[in-house]
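Scroll down for the structure; my scribbles are underneath it.
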Amino acid sequence: MKKVLLATTALVMMAGVANAEVSLGGSARMGMDYDESRASDKIRAAYRTRINLTGSAETDSGLSFSATIRLQDATTTATTNAIGVTVSGAFGSLTFGSSSSAAELAVGDIAGVGYGIIGSEGTTSINDATLIVYTYTAGSLSVIASAGQLGTDDFSLGGSYSANGLTVAAGYEDNGTSKATSASVAYAMGDTTVKAVWMDNEEIAGGDNQIGASVAHKMGAISMAAYYQTTDTAAADDVDYGVGAAYDLGGGAAIKGGFASTDGNTTADLGMTFSF
Amino acid sequence: MKKVLLATTALVMMAGVANAEVSLGGSARMGMDYDESRASDKIRAAYRTRINLTGSAETDSGLSFSATIRLQDATTTATTNAIGVTVSGAFGSLTFGSSSSAAELAVGDIAGVGYGIIGSEGTTSINDATLIVYTYTAGSLSVIASAGQLGTDDFSLGGSYSANGLTVAAGYEDNGTSKATSASVAYAMGDTTVKAVWMDNEEIAGGDNQIGASVAHKMGAISMAAYYQTTDTAAADDVDYGVGAAYDLGGGAAIKGGFASTDGNTTADLGMTFSF
Amino acid sequence: MKKVLLATTALVMMAGVANAEVSLGGSARMGMDYDESRASDKIRAAYRTRINLTGSAETDSGLSFSATIRLQDATTTATTNAIGVTVSGAFGSLTFGSSSSAAELAVGDIAGVGYGIIGSEGTTSINDATLIVYTYTAGSLSVIASAGQLGTDDFSLGGSYSANGLTVAAGYEDNGTSKATSASVAYAMGDTTVKAVWMDNEEIAGGDNQIGASVAHKMGAISMAAYYQTTDTAAADDVDYGVGAAYDLGGGAAIKGGFASTDGNTTADLGMTFSF
């Protein structure tokens, strides 16, 4: 293969076409993962490449459009994913595409661990087919609303506010048969970030509470994270926890590894990641 | 995602490799569509992104090669499409790929309406699997021949001639069991273009005539189009018509909408489109 | 489609992001092929486009990462292929991806013929699902080891050494139930290259030997190649042979054609290829 080498963020513009472009970027990882629940081959080699192709345009009045197609190539399957189309301007940002719900987007997850994000960290959404997302940001305040296809009942609201390192967020989801309410608090103190997430979810059998917390800390090239999360069910309380570490290799690459226990099942991974 | 921003039409060349390149471009749209024939959810949100990757090369003697792969990401499915490979030179242009028939390419469609092209405007091809297309252009005259895979019966001829704003075209299709003949006349007067298309198609049950006409007009940033088309069948005459408008936002983006009636079924859409 | 024309090997870099990039390149072909074994349509038109998207990054300490996704568009199908992720440095090169076995990589094939590589030239691997490949190169010596997914039995070793135009290589494959040993010798004398490949393969029914030889010669813009190969089986000795020629059109394009006989079945092709 002959090569077209394009430094990311390189900007090549010609007079008259300054407002239409295609950008390329992505990430890849390779490593090993362990899953106690697999009948055999508990340790496996794995890799994944994602390349995003994003077309964008800007109108004379300053309205911005973008559309992304994601190519994904993983150990067992290669897929082309529907990321969606976005228009944004002073009115905010409107996306038609495959997305998390407004509540998930606002409340976010606690810190994940592992080179491929193992274990279970974050709340359980009840909006499985979000198609439309509207976001309005005014300074430190973000308000998000989302819905499934018109005619379906998926609907969600989320909001977040940040000040002095503290971010508080809340979310609401409804899918026509059940509802979920969620909230999170995150606080960044220098190189340390702590976050707690809570959800009251009518769809979790026999119970309805998820609560989790994480701490992430950075020391030079080394980053560490740990999380703990419980989910109440009728039978028992599920307990999930994990710890992970990353070493920054520079140039967008890192070595990452993690260990997680999800309702008693142990997973672990170790590998290299890079973005481009 | 880090970004490689590439202004479309930007040309980056290095000595010695001036004749081999990859180009990226595409279009996207997002909006709403209405279809009276849907049992439920007659109004839906929809989007589609298409990104074309085209590799090209030019030989020392001036022969040009190009090959295109199209990535498509729509509301429900993401696909990678077979566009084909083309060689062109003084002899004309020869494409192996997934294409419309020569007749369709020459005769063309009447004006379409809507942000996603709704309704039914244009003739019905009987060549469903065109693989090979040859085009020769000499000034205002274009001659096109197409065929399906060798050993199949799909074959088509088309030709068009343009002068002083007037374009006349004719086409012939044969698929081994039936034949179709078509013709079109288009006339552009300043910002107004009128076009009429006629087809005699042995495959249309109980009848064999399609005739349609359209008018498209441009006033500054606003474009409007309307079409009317009838298809004779044994049972009845199908009547299709539609009207649409577009507002150019600059930078390759537009707001477009349309209303169409196809054999009594009403469809409509409204959305934004952009190219990059 | 608007065009982003990027000369291959063009290098656009900005300070601070010099070590992360996406490269595009590929190849395409169009032509005709003949296969005596087809019940009908022995002659067919065919085309294929391949575009590779490769993301890469380099760490501060000089470790290189790359990841490739390949888009392929052929006469009947379009696919996205899993090529894999590679990390390389002073320690050598480690790839997780879809690959040939170490033995195949080291021993290589005898010269192929045809614009689409017809016939049968090269040995038969018994490692069908190679996932991990490690390569270490020191001057003229290359050592390669490969394995399937952890927990499977696919394993292979290969090595090659080149000096004064002579390349010798050997390989070993094991899949848990059978083994194969292979070797090759190649010698380049100016514009002529001769190569012989031998394999002892326990999986070939009733026999276990493959032996083949090829000669390739270049005269100005014209290249020619021929090969002869036998495979012992219990029933009979399969004999495969082929001859081919190519004419370099410059700019990365060529006209190529070939004729091959594979165990008595005749195939032939003729077409154009180009890379970009």
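Points to keep in mind about this one:
Per-chain residue numbering starts at 1, and chain names A, B and C are given in the order in which the chains are listed.
Assume a residue touches a chain if its C-beta (ideal position, glycine included) is under 8 Å from a C-beta of that chain, and two chains touch if they have at least 3 such contacts.
Computed from a predicted model, the values in this text were never measured in an experiment.
Common neighbours of chain A and chain B under the contact definition above: C. Annotation: the chain B:chain C pair of sequence copies touches via predominantly different residues, less than half of the used numbers being shared.
Put simply, the C-alpha centre of chain B and that of chain C have 38 angstrom between them.
Residue positions of chain B touching 2 or more other chains, listed in rising order: 2, 4, 6-12, 17, 20-22, 24-26, 71, 79-80, 252, 275-276. Touching chain C in their complex are the following residues of chain A: 1-12, 17, 20-22, 24-30, 32, 40-41, 43-49, 51, 71-75, 77-80, 249-253, 272, 274-276. Across the complex, chain A is touched by residues 2, 4, 6-14, 17-26, 52-61, 63, 65, 67-69, 71, 79-85, 87, 94, 96-97, 131-132, 149-152, 252, 275-276 of chain C.
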